[in-house]
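Note that chain A is present in both complexes that follow, paired respectively with chain B and with chain C.
Take a look at the complex of A and B:
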């Protein structure tokens, strides 16, 4: 319960600081100006209230992006018994990270482990390994492991050698083979390393656990977008994970213990931070087709 | 070494040797012009392809997120492999005092320089952001095998150029002093400049021998590293097909096969074109044939280990990879490469007849092509079969086939390599004159005496 409290408190603090910043405004000039918010709403604001947005400079952004959130240790738990292949996670992710339709930071795969075993859907984000094969091989330190466990990319530094793609056993990485989606729209926008946007031609991209949203105290996009309660996300140091659909918070260790969680291809020694709960007692029947992907 | 001759005989012989070995420098006919035109035209087409690739992105190639290394990387490995012959012929055999290889060592160095220089260029052409090449030096992380590769490739290129240049200095001086009027004036100027005021004193020769010996020793570990490290680009990953411990020696053995075949082809071209039958003798081809059989056998041994051992066990992912090579999509390439690049050449070259110049050259052409194909099926099949299924992507993500841009850029690399070899052959004697003359019993004093 203690952990529940601290997460709740963080939420309240976040909310109240937002409110207080609004109520601070006292002077009004009467001149109104129309603005489009980031969520697409048209609003009217008094001119006096306008001040430059608090955007860190590129180098500042890269610096804090490399360091990560102090004291945190992010983990994700994916409940395979709940996934019905709704693909809302994939959609949300592609919008957030400005990806082309064929680029996936998270990909819902149709799996069948052996010939006669039950097929199931498996959402597959980057595993944010604690022994990441990808960061090891990067010649320029463009992909790196942060303090809080997230494996990030700096696409201002990436040289596009694609060694990390070859090194990743989870096929988690994508490359910008052409100009990225909506390249013209985002031209001149300052690069945000924690969302890896705008994407850049000739560089790598991959799942970042929505590090920009984590900094704002929000859950990753895929976790929040899921309608079926598949994802749990949280901090291993706090031993708490929150479900993106039900917003229920529970003990991380208890969740993985009671449900016999496993990590993907643990025999490779990559030590993933993404845990899977086995597809037992399925909430939805499997309706996909298993394609023979190996020939 | 033959016993010394009288000064008169020596001078006459030296004049003949110099005349024969400068034929490549003097000769300029329609064929030369056509050859240059051919090479430069195709190289230019390739550069145009690279321009399009930089403009539109690496998406103009057949590579996608799963098969993210394609023909460029296969070609890179091929060129690194070919370059290794410099290490074997002009250093290892030299140090072992195996004399027959001496006249071939400059050919081997030409091939090595051209191949390793192009390997460096190809890798830049494969980059998504070649404009950020300097990041490798600014932000270089020494834990990445790419950094090791950059280090050894540049070191190997430097040592190979020095190993080409230093034994060349006495030759340059000889041409400066004794060169005929047929040699274009600008070339003579280059010789004078590059000869660095060589006088031919005993002390100077001592320095040359000393430098050559140091370079030959230095190139041994560097040469071995260059291809071992290149194999580690693959072996350092977890992918089935690459994740094996013998990849280093397997690559090195394969490199000797490719390089020896390339040297035989170049040797034959010089022998025919510049009328050098008395220099690249049947005996040299016979020995090169024997050398090729030997390295092929070593490579065959590694192939058996590389394929038979995992095929015995057929672990899930390895099994998929091996089935794909033995009976699947890549089986035609796999069996053609093994048969025409390894097994048949070994059987044929065991007979004396097939070690004669022409048959050996034809065999070498097959071996060289098979070596290229072999690199292709080392790189691509592994990437087509990752551990997790390839889903929710367009069909062309699932199977790789190179595009015309990739073919153009690959052609560029071949043309540029041939151009480097041609320019070196047209600029400098293809055999070290002073070393050759000395072996024929001509005294050093006669070699360095000025023209009378």
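Take a look at the complex of A and C:
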């Protein structure tokens, strides 16, 4: 039995060294290879200089995904007066996070606050609360708050108990009841905790402020795909937010002060990170149908 | 039979309405409205500023036909489609919007909407253009940061007709700070007769954790130059990074648990076991006493 074990160990060691040798490209100087860069240019590179791309492993990914980007404190400001229900944010989000048509990380809702008030459109992502009720009920520490303000979920840890769905007052979380969208396409892809991709059947998913894009210095998908300038996104610590459509940068504190911004269900003490500017002086008329629930 | 005819009639009406939907009809009384603002340089210039902030994102730059590919396509300012409108029609369309075009009635004042009409009219072949855009000039921009006095010092030159660089006076230089996703404008200065300008950086500007700011200096439009980026200038306030996660707040797991909670939980469990043990011990005691008495 013991000898069998040592043979097995030797096999593993040999196998791994064989594998690592595979990842190195054979070096024969002078050989050129044609490659397409991410910007769409065809370039010729010496084969000697080729190295396998730096892909973080699952454990590394999970580790850095728990820490967040140092010194940052992400906030979103949603200007309700600009939204005309183009739903481009939802489309972009569902493509990015591999969501089925009925699943939403961000959803544009039709709202009417009281009987005689004007209805308006309200995009609703996860509020990334600073006092999140959802993370506290997770029995396996699968959902957590990062130091940069983002509330994330690790689908590799999630057991699908759905306590967090019950705890969230904003209904921001979705459950993968079925095989996720494009499941075959993403088969074998290393799980990215900062994008929740590939999605896993029987686990929770939620808006993550496109944490993978933030790491690359890009705005979240919903923010940059909006055609109407609804979203502002930025770092609260440096007091600046950038509009995803116009790319204009402005002072965060000034923006929310001058426009009387508010947060959703403030009375719950969840301290949301998503601020709303009231739907005043609307750029587009409301075209939806709202049922009268107030009479 | 009558039902069928009715249906066809309704269908025709519907199609006709759809067809009319393509054309943007403006009420007759609105068409002939007169522009109350004068067609002059200041009004057209103001109109241009308004155009750049409100319209450019869809309609693109004037004359470049680089509007967004939307349906229906937003026409270029210089296009015949745009210029075929009367001033009243332009005003009505800007005010009320349709489909993808916002209604600016609520966000831009009436006078300013007329100024926008003036700006559009600047490109009408029937009008004498008042705002003539000169081809952009080649310029040189030098800038440095005075860290002790917290000032940005700028020197600008422009290429003259003979290819020599001359001092650029009275040009607007914009100064901004690099942030996570864009440049935050912090101020503008005009160069003096020597082509120099100084800008005092506001005291409340936030930098990174050490107070370092990446200052971007650029010339206004009409000049071709690379913006000068002054990396890591120590002119800002250090960025405050408040600790967000307090251990006590998020305690769902062992590593984040609060001491009082852990102690009371362990105490309760221990107490329960002690109680059970006590009962068992008593039972054992009774059993022993019973045995002794036998």
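Following the convention adopted for this analysis, the second predicted complex is superposed on the first by the 240 of 295 C-alpha atoms of A that agree within 3 Å, B and C clash if a C-alpha of one lies under 4 Å from a C-alpha of the other, contacts with A are read in each partner's own complex, and residues count from 1 in each chain.
Rule of thumb we're sticking to: a contact is a pair of C-beta atoms (placed from the backbone, for glycine too) under 8 Å apart; a residue touches a chain by one contact, two chains touch by 3 or more.
Computed from a predicted model, the values in this text were never measured in an experiment.
Superposition of the two complexes onto chain A shows a clash between chain B and chain C.
In the superposed pair of complexes, A:268 makes contact with chain B only, with no contact to chain C. Within the superposed three-chain model, A:141 lies in touch with chain B and with chain C [touch as defined at top].
Contacts of A:203 after superposition: chain B is touched, whereas chain C is not reached. In the superposition on chain A, contact of A:235 is made with chain C only, not with chain B.
Of the two partner chains, chain C is the only one that A:245 touches; chain B does not reach it. Once the two complexes are laid over each other on the shared chain, residue contacts for A:176 go to chain B alone; chain C is not touched.
Judged by the touch definition given at the top, the superposed model places A:45 against neither chain B nor chain C. Taking chain A as the common frame, chain B overlaps chain C at a single listed stretch, which among 203-211, 275-283 or 419-427 is 203-211. Shared interface residues of chain A (contacting chain B in one complex, chain C in the other): 136-139, 141.
Residues 90, 102-104, 107-111, 124, 133, 136-142, 157-163, 165-167, 169-171, 173-179, 201-203, 265, 268, 270, 291, 293-295 of chain A are the ones that touch chain B when the two sit in their complex. Per the touch definition, chain A reaches chain C in the complex via residues 71-73, 84, 130-132, 135-139, 141, 144-149, 217, 219, 227-229, 233-235, 237-240, 242, 245-251, 281-285.
Contact residues on chain B toward chain A in their complex (touch as defined above): 56-59, 63-66, 68-69, 126-129, 132-133, 135-136, 138-141, 143-147, 150, 233-234, 236-239, 320, 323-324, 328-329, 383, 385-394, 397-398. Across the complex, chain C meets chain A through its residues 57, 68, 97, 102-104, 106-107, 176-177, 179-185, 206-209, 239-245, 249-253.
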